[in-house]
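For clarity, chains are labelled A, B, C and D in written order, and residue numbers in each chain start from 1.
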Amino acid sequence: MIKNIINLRDKLEALLLIQENFHNDGKVADYIPALAGVSPKLMGVSVATIDGNVIGAGDHQIPFSIQSISKVFGLVMAMNRLGDELWHRVNMEPSGQPFNSIIQLEWEKGIPRNPVINAGALLVADVLTSHFSASKLAFLTFLRKLAADENIFIDNHVYQSELSHGSRNAAMGYLMKSFGNIEAEIPEVLSHYFTQCSVAMSCQQLASSLLFLANKGIDPKTNNTICSPRDAHRVNAILSTSGMYDQSGEFAFSVGLPAKSGVGGGVVAIVPGYGVICSWSPPLNRFGNSVVGTNLVSDLAEELGLSIYH
Amino acid sequence: MIKNIINLRDKLEALLLIQENFHNDGKVADYIPALAGVSPKLMGVSVATIDGNVIGAGDHQIPFSIQSISKVFGLVMAMNRLGDELWHRVNMEPSGQPFNSIIQLEWEKGIPRNPVINAGALLVADVLTSHFSASKLAFLTFLRKLAADENIFIDNHVYQSELSHGSRNAAMGYLMKSFGNIEAEIPEVLSHYFTQCSVAMSCQQLASSLLFLANKGIDPKTNNTICSPRDAHRVNAILSTSGMYDQSGEFAFSVGLPAKSGVGGGVVAIVPGYGVICSWSPPLNRFGNSVVGTNLVSDLAEELGLSIYH
Amino acid sequence: MIKNIINLRDKLEALLLIQENFHNDGKVADYIPALAGVSPKLMGVSVATIDGNVIGAGDHQIPFSIQSISKVFGLVMAMNRLGDELWHRVNMEPSGQPFNSIIQLEWEKGIPRNPVINAGALLVADVLTSHFSASKLAFLTFLRKLAADENIFIDNHVYQSELSHGSRNAAMGYLMKSFGNIEAEIPEVLSHYFTQCSVAMSCQQLASSLLFLANKGIDPKTNNTICSPRDAHRVNAILSTSGMYDQSGEFAFSVGLPAKSGVGGGVVAIVPGYGVICSWSPPLNRFGNSVVGTNLVSDLAEELGLSIYH
Amino acid sequence: MIKNIINLRDKLEALLLIQENFHNDGKVADYIPALAGVSPKLMGVSVATIDGNVIGAGDHQIPFSIQSISKVFGLVMAMNRLGDELWHRVNMEPSGQPFNSIIQLEWEKGIPRNPVINAGALLVADVLTSHFSASKLAFLTFLRKLAADENIFIDNHVYQSELSHGSRNAAMGYLMKSFGNIEAEIPEVLSHYFTQCSVAMSCQQLASSLLFLANKGIDPKTNNTICSPRDAHRVNAILSTSGMYDQSGEFAFSVGLPAKSGVGGGVVAIVPGYGVICSWSPPLNRFGNSVVGTNLVSDLAEELGLSIYH
């Protein structure tokens, strides 16, 4: 076992070395100033296993903006709170469209295709805003509990930046509201949503916090039930068909793991029955996925034979 | 082992009993007269395992029109023939649209979103038509070899019916041709495509013939390599994100297996490392998937714990 | 001349009689409570001619909510203020879509197809908000001057109702803002826009106030230049291709006059070189145009041979 | 009168001089080889008046490929043959889309938005194919009668070229057929359609042949009734909202005449009560309209004050 752990750390370090210059193939997100300033050269990777190990390499302990990875946590909270009623307000189908497309939302009369495109995540934010008295605090508390780390924080600089560039998300929120699918006021929903996106976490914290999805809903670190086995299954299914933006099909095709990326450069991948991989490198490809982050997950999945489609 | 087989047969029969009246929830495909005449009460299910068993219940030995399930076989043939070049002409992303939508094809300039929507299958038919001297015979021969059964046949009545109701597929073919993405003449492509769709097979034959996808490309009955492990992975990935028409996300969400349905009422599901399930019942839901066929796969996957997302 | 005027009044009264029960073919706008309460039986019509007559019949002196007819006045103000620069921010093409479609706005990257669909009118509202220190007052003053009537007022009950049902317009505003095509803050833009829509005017006031469009930009009542001949031409052209929502083509086809309707039930039609017709009846057809209002303009245009396409 | 005619010829020649180098702003249609070879320097203009004059300048007597201008003649034939039934199969609304868009056709379930986009013209071709025993001959005979010129011919070289590049039109035809809106076989419909498009006529012939549209349906040369006044009105209305492809709104805005262009470089404009202008110059702008042809009509309409919107 110990030998395996040493092996894994060596492997992670070797994989990082291979990626050294690939960050040049991507472009750091620049839609908000607060993200544009992050160094493109940072990269890290962590693997947390359900039997209790967390191995990392590179900048795996540096917190970064989790952005859309937050959609996974928000979704679990909303599923726990609303139950199956949630699925009357958001669908679970892949979208076949860019993550921020407003066209499909119009066609489908304000019902987002799934909870991990922006419209769906805004709907989830509405659920949390409407059903928790202090939804931002509840969200942060949930993350801290999952990662067993009280240091997780909201990056206020990122939050302010999001808020002042939020017109497109506002458009989606108001469009859903016009169809009667949003309960709270849009500024409140956006405030919760941008707070979620602005949480900063490291690869190590993210990998550790999502272990319950690889373990039928139970956090192996504490034996706490985070969600039902059925809901863990559902989240993994959604991440498999829709977690990597409009590159989800290609990611399934070539990697084969439920995964979620964020424009901060993070990628998390769930390996059912085994653990969680989290990689990070800011430069993104044209789909909004981290170039190096995707490569790292792909290489590791291939070397360890982790795909769920074999 | 023998006990398990007996158990499995009992289980299949029990599952069929439960479904007895659910066929009333669906509607037999009526877009062509040749399909509209099939009895809605027929139902069957087969399980083929990579260790050599084929267990069935109900009408599992009655041949039915495989329709879109043929897309899986055509895709494997085209991958074997063209290699990675195929993926320059067809994408591997879920479509987020009905299977016969022409809108997305226009947006994406004649590149189908994936090979299991109609446009993608027509493109595959073009590849086969252009790269085999007798593509229809080659297709039939491939199926007979995979099922180890020379009796598999083309239902000419269905074929003629398809041909005389093929305007929409013709529209998609000509649209792709206008973008330069079709090599052969459209009437030839359609003729091959409708031939594929018109093959008749039983649950037993289908389950047995697709075992290689559950076994990294190797047919366990003969040890023949049907495709590379990588290509078996790719097919399973595509079936997971896109195999059940615009209900693929929901199927992943609630069942969790790579699968493909056809409007003849058949459903095949791949269980990597274990085997293949094939169910059949003609009445379809609004997405074009067999109501009872989907239920049977779902119930069996749940009872045996087969989902890939746990 | 006097004889003609008497004739015209008789004709208008006769036309109203014919329409007596046609209001039952439509449905009073109910998207806001303040409009839903108006009696469906009210109907009126006025004709103002450039030689100085204003003839009316029925409820032609009762003020009603001008709604989208306000887009004509706003457009003229914005053209006067911005000049040709306006046409870099809004196109002049028919939309081929419902008036409140958000799909086309996404395709065309935040540039509305024309200034008389909602998105275009919001853009005009942004121009007015940004270029007048008190845009609402300026708008009201403009109307009062054109109609030569200080009694024209904003219906505050309608305004409040619009404001609390404005999510869809907010969505369009934020979407344009996300493309950088809106200068002011969206709540301000909406406030101006809903104020415009909430102006109440009678058939008589509307017909009189738009005479300048039938007279190459000059108000014949005062000889004041309201806009250039070129801009009067442009407005008439836009009203001809796009003024009657997604029924504009049919209106051109069967009536043949530049016209604008509002969901308050009003219709104005410009007869170049002759004058302006304004009709009113609250019940709307499925396109959002007044059933009786459209009939009245159509019948009158036919009887007097007013079409521009002959 | 004679003086006016001399003046008009001088004016036309002066206008041509101004346009001398503007053809460089456009690009000769190259989607079929037969059009790509035409000299970009050719240009001509003719004016036919309902009082019997036909004045021309430049290459006004050289036949060119009329292409989409043929849609006007086909439409009149179909209206005469089918009556109002035609309008159940094709709409009369502007499209807000490129002329060959297939997206809108899908949305609107096989009903083209109007008869002068490609889908609509194919539907008209279906009407003619289905209702005339020899539709191509009937079409040619109609043109020869209207132009009073037996020399009008079909350019077979262009026809063959169209036929071998007709996939996109085939796609639209089959899509309409799949919705049950086409009666004849698609290859026949396409054959008629491409024949129409391949007619060669000069500016002089075109201007003269369309005089009936400026004269309430009556050919002033012969006093023959070509269509009803109502149908002449309808055609002019459709040309006003939709005749210049996706630049129709701008053409109305800046010129103000019912008009139709073709990718052969021709433009015809109807001046109700006065006559017809036809201009020609092969290089096209990005909308598919002749750059110089559009300028010539625009300049002449302005100088003579011909717009219908004043």
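In this section, contacts are C-beta pairs under 8 Å (C-beta built on N, C-alpha and C of every residue); 3 or more make two chains touch, one makes a residue touch a chain.
Since the model is a prediction, treat every value here as computed from it, not as a measurement.
Colleague: Using the touch definition from the top, list the chains contacting both chain C and chain D.
Modeller: The common neighbours do not exist; no chain touches both.
Colleague: Which chains contact both chain A and chain C?
Modeller: Chains in contact with chain A as well as chain C: not a single one.
Colleague: So, comparing C-alpha centroids, which chain is the farthest one from chain A?
Modeller: D
Colleague: In whole angstrom, how far does the Cα centroid of chain B sit from the Cα centroid of chain D?
Modeller: For chain B versus chain D, the centre distance works out to 48 Å.
Colleague: What whole-number Å value describes the gap between the mean CA coordinates of chain B and chain C?
Modeller: Computed value for the inter-centroid distance: 56 Å.
Colleague: Give, as an integer number of Å, the spacing between the C-alpha centres of chain B and chain A.
Modeller: The computed centroid separation for chain A versus chain B comes out at 32 Å.
Colleague: Two or more other chains in contact with one residue: find those residues in chain B.
Modeller: None at all.
Colleague: Draw the chains as points, connect those that touch, then say whether the picture is a line, ring, star, complete or other.
Modeller: ring
Colleague: Let me make sure I understand the interfaces: which chain pairs count as touching?
Modeller: The list of touching pairs comes to A-B, A-C, B-D, C-D.
Colleague: Note which residues of chain D are touching chain B in the complex, please.
Modeller: Counting only chain D, the residues touching chain B are 101-103, 106-107, 167-168, 170-175, 177-178, 186.
Colleague: Taking the complex as given, what residues does chain A use to touch chain B?
Modeller: On the chain A side, the touching residues are 91-97, 104, 113-114, 216, 229, 232-234, 236-238, 240-242, 246-250, 252-254, 256, 258, 272-273, 307-310.
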